[in-house]
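Each of the next two complexes has chain A plus one other chain: chain B in the first, chain C in the second.
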Partner chain A sequence: MPTADPVVSAIAEKYRNNPTYVLQILRETQEALDWISPETVETVAAQLKIPRTRVQSVLQFYSFLYDKPRGRYRILFADNITDRMAGNIALFEHMLSRLKLKRGEVSSDGQVSVDLTSDTGMCDQGPAMLVNNRAIPRLTMRRIDEICALVKERVPLEEWPADYFRVEDNIRRRETLLTSIAPGVALDAAIARGRQGMLDEIKRSNVRGRGGAGFPMGTKWEGARNAPGAERYIVCNADEGEPGTFKDRVLLNSFSVRVLEGMAIAGYATGATKGFIYLRGEYKHLQAKLQREIDEMRASGRLGASIRGAPGFDFDIEIHMGAGGYICGEGTAMVESLEGKPGRPRVRPPSMVQVGYRGKPTVVDNVESLAHATEIAVEGGAHFAKRGTRFSTGTKLLSISGDCERPGVYEYQFGVTIGRVLEDCGAKAISAVQIGGASGVLLTPDDFSRRIAFEDVPTAGAFMVFGPDRDIFEVARNFAQFFAHESCGFCTPCRVGTTVQRNIMEKIAEGRGSRYEINELKRVVAFMQRTSHCGLGETAGNAVRDALSKFRPAFERRLRAKDFEPAIDLERALEPARRITGRDDAEAHLETES
Partner chain B sequence: MAETTFTIDEMPIPFTPGQTILEAAKAAGIYIPHLCYHPELKAHGGCKMCTVLVNGRPQTACTQKAAAGQEVDVDTPELNAMRRTLVQMLFIEGNHFCPGCEKSGACQLQALGYEYEMLTPHFVELYPERKVDASHPDVLIEFNRCVLCELCVRASRDIDHKEVFGIAGRGRDAHLVVNSPTGKLGDSALAVTDRAVQVCPVGAIIVKRVGFAAAPIGERIYDKSPISAEVDVNESSEAR
Partner chain C sequence: MSTAGQEKVKVRLATTSLAGCFGCHMSFLDIDERLFELAEIAEFDRSPLTDIKHCGPCDIALIEGGVCNTDNVHVVRELRANAKILVAVGACAINGGLPALRNKLDVNAILTQVYRDPKTGEPCVPNSPELPLPLDMVYPVNEIVRVDYSLPGCPPSGDAIWKFLTDLILGRMPRLDYSLLNYD
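And then the complex of A and B:
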């Protein structure tokens, strides 16, 4: 194994020893050294001239960075509810037993570790895994056996069959956004309208953010444009961490002209000259391709100085890789992460359009929102606003997964009914749909006449379908585990509350719950919603709340017929005493109730 | 000059522009509970103890600026119940055995427990495994009692200019880390006279060889008056 110093210095030099890039530096160092040892932390800190605690705080925040020894193959199985429905746990356990491993442990030869991770944006082609951040979808028992063989033979990842890594778009329905556009067309249209004219068209279109909150994009752009100072930034939110969504992956893969030129148009209208794509670590497979396209744009005058010959239209784009952390999708946490810090949401006000990346006015927009800017540039805001509903203009991409015949990405005009969507994707018998991901809402057939729109059922696009045999308790439990894992830890109610919620769900799952736990869940959910610092904590109890109100029998079935059950399991609590005394006779056990 | 005011529990409160709700309340002699706030340091906003309703919406008083005409609710049964829940969560998150703690009677977490009538921890204890760091000649860190308020982090960085502390880890794994080659306090630049040592609101950062001798039971800060009587900064534990 190479020693840390030359490796770290080469990587750090590439980033001009700029501490803002510490996350990128750690990511790349890990790719070379497999993990980040205490010595590496020292080297990075010394090289960047920052306290080692700052390096540690970044290292220990992101799921895909390891501060304990890891091997050449770092395997993570996606563990969203849709992966579970597709049988990921059986595959995971099969792999563990084939490799004679325990979860999260490194093999005795130091080569491989296997663990679980949150949703990886492959719900339409799960079960999926990541090997050193490279996605492998559509897993089967056979594929697992093949991978185990490759690992045992120590075949380098680059030599694994390319077919393993093929990620499908699965586009099932198109309207206007999922159509190709020739490079430069949208940029020219924007330039023809002028900076103010372009901004006016965005406002006229009434386009609202597609990342979840639905904030009017024109208002945001105008706020940044009007903020004092010369330096401004555009951030393309490609973190797509919400369980059940994957539509940004498709836009980035096949419609990157729209996304990248949309960013440049945002720069043009707001006066920003620099843009970042914050690409989630799970989408590493898209990094090189996007980089090539950015380079190509620069070479052909679609990025850089005086874009398309327009004087003063200067804009460039840089890719910043995430490293595992749902919270980094939250706008202020994303900017913290871009600055090379743990992704913890900032205190607001001030808003990002006033004080964002490195204290400068910053626009954070979702991938899909930015892509729409190319449509608006070409056809104008009034035309754009003819699609969709009055309060939700344009089209929306939905990421559909779960119990349906045709999972994939669907484009609809806002206002489409849930029933129509279900029909189109071939969902036959349905007991529920989770819309908006783990933080969204659980809807039952009574709601299927409702519409996808900010004024009715708002969503960033995740649409997980559950058939009649699905146990909705398990859905809620999976989401409770997700939030406990993803809480950033900044504020008390979410840091502790998500764990309390998860522990109660586990207690019920073990058959040791009672009426008391049900009421306690309701209290904890309401408490987190009311007191948390950011949207993660505010919505962390939604799934449990909805499952409780709509699928109460799924909980009741598991309860002991008691009002209260102690937290401590006496029989289990005696185990250490039995171990210490070396006893296992009948007298050393409680009488089992029967 | 016309005085600008907002209201707290329907009482008019004057403020100067730029003041937070917490600062204005304090100046007016009204107590708003807080744990991660300290007058000498930049606000943090994470403990959520200072949550109040501003025109009906929950906001942290330590970060939210006062504005003319704002209607702020502070002392309501709903908010006080919420504060009790927060204190309970902080208790079960760490390992707090008050009778054996030198800070007992002078601890803000404990005092908040009394203030908000916390009779039980309510939630199931998480009993995390955390070690004690006694490597420093004069100062001890009892990580079991750390409530992650980051006061020491901010004081060491912004007042002592040493950056001895940091927070690492995500979610429930968040924990205090010490800036030294070994990670031990004894190998760090910390001195017992640092502001960072004094600002800890709980018994996590403890000066050695003082122990229970600081004040006998009955004479301790919160034996004499409850934490809610601490509205004048100069008389509070924060200034000690």
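And then the complex of A and C:
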């Protein structure tokens, strides 16, 4: 076993002992040492000259950082509803029994642990797992057996068949964005328009943020450019954590020219000279490739100083890896995470474009939004605005998964009807579609003439299809579990509310729910929406709310006919004291009330 | 609970203290001279104040304390079965409160640690059927029976209890001002 010190210092030196990079340093340290021991925490703190508690707070916050040994092979099964529909639980249990493990337990030889995690962005090729953050999609029983054999023989992860880790793009439909563009073309076009000219084109295009909120990108860029101070930052939000979405993964894999040059164009128009890609931990497989491309851009004058020979056009890009945390997809939480802190959302105002990364004006844009900037640079805003609808210009990528013949990424002009999308992906006899992920909306056939657009059904792109045999209660329960796990714990309504919501769903699932639970669910959902600190809590009850209003019988058939059912099994609660006193008289039991 | 009609029908109240410290009941007495006013409009059923052993049909039941054993379960069930409105009063009834500190410990470990034969030092946990059997944990009332209202505080002040009760009796949605919910 390597000792902590030389490993930590080598990694920390690489980041110039800068405490802002503590999350990156902990990530890499864990890759080398398998977990972060209390001694490692001390070493990191001493090396970076920060309090131990600060290292500890980061270690505790991120789900992919471990403060206890989790084995050399840390296996996590994705547990989104689409993985469940593809049978992940059977595979998970098969693996546990093959390895003679319980969930979350480390094998006695300290080699392996197996657990569940949130969606990993592989819904179109699930069920999927992560092994030490490396994604393995398309799992089958046979593949699980093979992996168990590799683990038992202690084959290093690097020597596992490369085929396991192959992630498909599954592009099914293209319009303008999913077309390749020669390197430098968009940059040259932007330079030709000038900084103000480029900004004007973005505004003219009316392009809106693709991350879900739909904020006008031109307004955001202009705000950052007009903010006082010389230092500005561009952040590319690649923390694609919304269950059911994976289109950014495809953009980063096959259209990175658009994404990276889009970032540079944002820098050009706003005056920012530094950009970050915040890449979700689950997309580690893209890190090396993106880094190579960034290095290549720098070598060919598409990044660095005086890009493409334009004086003063200086811009560089750095990749920052996430470490498991849905909340970090929220812009302000992302900036906190970039600063090497737990990703907890900030209080707004001030907005990010005023006070962002390290207090400087910062533009946080979704991967897809930034990619659109290359289109606008080349063809101009007016041309761009001809596609889509009046209030939602351009095209939108949809990540389609679930019960359909052709899951994958589809590009449509805004305004496409849901019925048309379902037809194209080969979805027949549908009972419901969840649009916008766990925080989105659940639509039934009555709604299939509605359109994908900010003015009708807004979405960041997740599109999960549920066939007639799917139990929508289980869908809502899966999302309730997701939010209880992903709440950052900062504000009480969300921290407590998401757990209460999950507990009630579990109680109903066990067949111990009553009308009372239905009323409580409604109350909790409304309360979270009204009082939470950020969008996570505000939307954490959407799935349950929609399922209740559209699939109420799915809940009702699980309910007891009674007015109220205790939260606990009272007979079981008496068992320990019965055992120790040896009593079995009538008074030592509690009959369930009739 | 309209008091309309020729004869004034008094509101019937029940109160009980379970796994708590009786502090909420003491606080109830802090409504002081308003007890006379209350006596004008209300009368007590089962309550430590009356020593009535079992509850009959009543309008409002106030429950102090969490649920820690079989007897507590029987009491909350009895009050729930008889009261139109059931109120969880104070931190213990709402969340388990101080008694719930034992929830982190194993109930048998506590019992065997506490009950020892003074001579031999061997565990001798009392097992008479007359004794209520402890539950594995202390539970808030709303996990055992349906609760209609919660009145927070440790304890809620006399003023808060008075405001809450009079609101309920007069048919208003109970509302406590910030001053009645501010404990600093």
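Everything below uses one rule, namely that the second predicted complex is superposed on the first by the 576 of 594 C-alpha atoms of A that agree within 3 Å, B and C clash if a C-alpha of one lies under 4 Å from a C-alpha of the other, contacts with A are read in each partner's own complex, and residues count from 1 in each chain.
Convention: a contact is a pair of C-beta atoms (placed from the backbone, for glycine too) under 8 Å apart; a residue touches a chain by one contact, two chains touch by 3 or more.
None of the values given here were measured: they were computed from a predicted structure.
Of the two partner chains placed by the overlay, only chain B lies in contact with A:Gly325; chain C stays clear of it. When the two structures are aligned on the shared chain, A:Thr176 is found in touch with neither chain B nor chain C.
After superposition on the shared chain, chain A has more residues touched by B, the comparison being chain B against chain C.
Contacts of A:Arg495 after superposition on the shared chain: chain B is touched, whereas chain C is not.
By the touch criterion defined above, A:Thr531 reaches chain B but does not reach chain C.
Of the two partner chains, chain B is the only one that A:Pro51 touches; chain C does not reach it. With both structures placed on the common chain, the touch criterion links A:Thr417 to neither chain B nor chain C.
Using the contact criterion defined above for the overlaid structures, shared-chain residue A:Ala567 touches chain B and also reaches chain C. Of the two partner chains, chain C is the only one that A:Glu575 touches; chain B does not reach it.
Look at A:Tyr516: by the touch rule set out above, it reaches chain C but stays clear of chain B. Common to the chain B-facing and chain C-facing surfaces of chain A are residues 567.
Touching chain A in their complex are the following residues of chain C: 70, 73, 77, 106-108, 111-112, 125-127, 129-130, 132-137, 139, 142-146.
The part of chain A that touches chain C in the complex is made up of residues 516, 563-564, 566-568, 570, 572-583, 585-588, 590, 593. Within the complex, the chain B residues that touch chain A are 43-49, 51, 58, 60, 63, 65, 82, 85-86, 89-90, 92-93, 123-124, 126, 148, 163, 165-174, 177-179, 181.
Contacts from chain A toward chain B in the complex involve residues 42, 51-54, 56-57, 59-63, 325, 342, 347, 349, 484-493, 495-500, 503, 527, 530-533, 567.
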